[in-house]
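Listed after this line are the structures, all set down as structure tokens.
In what comes next, chain A is part of two complexes: it sits with chain B in the first one and with chain C in the second one.
Right after this comes the complex of A and B.
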């Protein structure tokens, strides 16, 4: 797909209204009661806030923090499984950021690895992602170091870039084309790609250079330095709170729990989990292969920049910088990656 | 700053301590620092962005810090309450830590803030704080501004909530706790949450459901509030760390006011004052016992 079109701001408002009138759920970055900006359900395009990176990512739209898998009933020594019928109503996300849209695509690998995760792909197929090119990031952004960029199209169905009195539209996928074709009056002629170039360049300049674009160097160093004292050094300040994993668009680990609701009935659920806690790896015997926070901090970097690349040839990070912004102790992934590149290329790196 | 750095350098070079826990300039503002060499003392800073409660790092639940050996810790007056709590509850032997008190006239809320300290930017817990220096400290350095008058906005919010009928309070907390994703970050940063194995992590039996649904979230936050009764030092770290923006301080502060009213106990920097959870007096209120 490489067609392009244009939508005026007024028509974008109309499009959201059209979608809502057609019974399609619409979500986007909007203000919360505590003053933050989160991706959440919206009632009109006027709710959308585009100048701040949302506090949460898109992952909860596809992997909810808690999700019932099935119900069970015990009868004597038998257990009956009661399926929970899952339906995935159509939904459009308006105002996704390129780093968040890409994250969903990155996660498709693992969700379709040893089995196809039905709820994940059920929601993926029901959801159209309309991404807005990023206006530029802060010092913790580094999307260009992981093969993305403020106007990357990965994971998006449509990419909108501000131009003239509206948005230049790149139609990225068939699903994106279906959305455009369904509302033909909302799209039409307008400013061309040339009108978007300065916006794109300004955004790219604001995030470039924060981390060297050397993912192979990082991967190799991490693979070869499992026992390096670097890990103990960076983990000192870590509280193991897992705030980084909750905020991360690509951290996807989950726990499976059975919750009794009566003496004979209960629900099996899956809930967000994180490798930053001790219980994540605690064995029933009492042994814990990751005895302390050193191993847990290493695991987070290792999984994102070495294990996932080795398995799927893809980096489990989109450079959004949320982990650095959310960390209560000032742990900063850009600093960690810079130190790794410096050590790997023989330019020092000690704190 | 020079006074702080010189003292840290001396403690490290004389071998009094192996590490100094303080603050440094990080990529995103002030952050905790772990200085292990005399030269590293020059990294230390203290200003109104040093909001973190470093006492959390003294908690025995952080085995990866044990390798540092004996440490000195830079101490705000309010953090002294947490250290006193850890000593009071026999988690940290007093002689195991050297406390470098810094005089403090208040901090902001966000360590990444470039705002200057003012009536508009000061952290709510600093409003009305009478302490300019921590009495628990072995050394005290620096100078402090005059502090900020109370009352805190949060205290007013608690009063507003308390004045509402029960169903409205219930609706407020249902809406707030619905946001919780049960990451337990509030527990992890809390200096007073030091259990080796948390009630919420126990699975045989599962006392508190780990799922972030209304039932599990309510059970967790009620349990957390009760376990911090008479122990919370109001450092605000739980609220600062919450990735969902839940006003957790409203819960802990409300409980603290109940404990103050009924048991005449306010967390102080004196570890010798017995904790209400660990003591029994014949005149303790007990009309709730059936």
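Right after this comes the complex of A and C.
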């Protein structure tokens, strides 16, 4: 799929109104009551804020922070299991960032090896992702170091790039084409790809060089240095709060718990969890294979830059920079990766 | 129905093994599931008490016995306490079987030495019955089982059966001080008893499960006897939630214990980073 089209800003507003009128849920980056920008439900395109990276990622639209898996009802010694439907109402996300759209695609691997995670793919199928090319990032951004970029199309159904009086539209997937075809009057002729080039270049320049684009070097160093004082060094500042994992578009660890609602019925849920806490791996005997924060910080880096690449030939990080921005202790993934590359290429790196 | 939804199973029998360990025999409620359910020795599942939650146990019964499964568990936390309180006739949940298995076919025609400590006999018992139910496919069978005290031995009635069988060499042992006046087994730690039992290493396989310290000191003993690392098998018990490679909990470095394990050879274990 690689056709292109164009949409004027006025038609984009109209498209969101059309979708809403057709009963389709629309979400996008919008201000919260406390002035922050989050991906959330919107009522009109005017709500969309495009010049700030949302605090949260798209993760909650596919893997909600808490999600019912089924309900149970006890009757005497018997138990009835009530299924939860894996079909979901249609939704369009307008104004996704390329790093966040890519994250969803990255997670498809782990959600579908041998066992298919139906709730994940139910939401995937029901959701169309309309991404806007990123205007540029801050010093925590490094998407170009993990094979992406401010105008990367991965995970998006449509990619919009500002041009002239509207947006140049790359139709990335069949699903994207279906959206365009469903509202033919909203799309039409307009500025071509040339009109998008300076925007793309400026955005790219703002994020390039923050981390060397050497994922293979990082992977190899991490694989070969399971035992290294580096991990203890970076873990000294970490509180183990897990904020980084909650903010991260690709962190997907979860817990499974029962929540009784009455004495006889309740819901089994899966809830976001994080490998950064000590209880995550603690055995009932008291033994804990990851006994200190050193092992937990290593696990986060290892999983993203070595384990996932080894398993799925993909990096479990899209360079969005949220973990660095979120961390109350100043743990900075760009610093970690820079030091790893420096150590791996023999250019020092000990702090 | 999603992958996290369990089968319903009814508690058919409840056996108190020790003061803190029970065995439950669970039968599938759905006739079709009962008929089609199949698993391999060494696989595990997620067992649930609705309202308390799920936890992970190996399937302790043998795949040669159809229509039901058994698990043996130690009461240690939330779900296991709820499991201690279930009654015969109650409905529980089970999803599985998950994970890899012991290489039974490869072991055909060989001698098998089972070495277990404490509740570690649960995963080993599954393989023991698998072997004994197809006895003609294997040569010598030796079982070395140890617990801290006589009161801590699980499957006592089966130990008695195995002890009486002419085609099984059984060694039971308790830690020094754990014996009772009428104890007829050995006294000593498992690795020392393995040395005494001296099973031959030629054309042999060793299945070793128990507390980490027992495994740590038993493997060198086996190697000294001539067992090669690729024929020493064990199971790992990293904490799990999903059991199917998604929740991110069970990793040892690059290895997902729930998918790549829980059965590993000593050779594979030696390559794992120190995270178990």
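Here is the rule we go by: the second predicted complex is superposed on the first by the 345 of 351 C-alpha atoms of A that agree within 3 Å, B and C clash if a C-alpha of one lies under 4 Å from a C-alpha of the other, contacts with A are read in each partner's own complex, and residues count from 1 in each chain.
Quick note on the criterion: a contact is a pair of C-beta atoms (placed from the backbone, for glycine too) under 8 Å apart; a residue touches a chain by one contact, two chains touch by 3 or more.
Note that the coordinates shown come from a computational prediction; the quantities given were computed from them, not determined experimentally.
In the superposed model, A:335 lies in contact with chain B only, and not with chain C. Applying the stated contact rule after C-alpha superposition, one finds that A:185 touches neither chain B nor chain C. Once chain A of one complex is fitted onto chain A of the other, the partner contacts of A:257 extend to both chain B and chain C. By the touch criterion stated above, A:114 is placed in contact with chain C alone, chain B being left untouched. Of the two partner chains placed by the overlay, only chain B lies in contact with A:324; chain C stays clear of it. Touched by chain B in one complex and by chain C in the other are residues 255, 257 of chain A. On the chain C side of its complex with chain A, the touching residues are 1-6, 8, 48, 50-54, 74, 76-77, 80, 87, 89-93, 212, 237-239, 241-242, 244-249, 251-254, 259, 273-276.
Interface residues of chain A facing chain B in the complex, by the touch rule stated above, are 32-36, 55-56, 65-66, 139-140, 232, 235-237, 239-243, 245-247, 255, 257, 259, 269, 271-272, 274, 277-279, 291-294, 324-326, 328-332, 334-335. Contacts from chain B toward chain A in the complex involve residues 26-32, 34, 52, 56, 62-65, 67-68, 111-112, 175, 181-185, 188-189, 201, 206, 209-213, 216, 237, 240-241, 243, 245, 247.
Across the complex, chain A meets chain C through its residues 69-70, 72, 74, 77-79, 81, 83-84, 86, 110-111, 113-119, 223, 226-227, 252-258, 260, 266, 268, 270, 273, 275, 280-285, 287, 289-290, 295, 299, 302-303, 306-307, 310-311.
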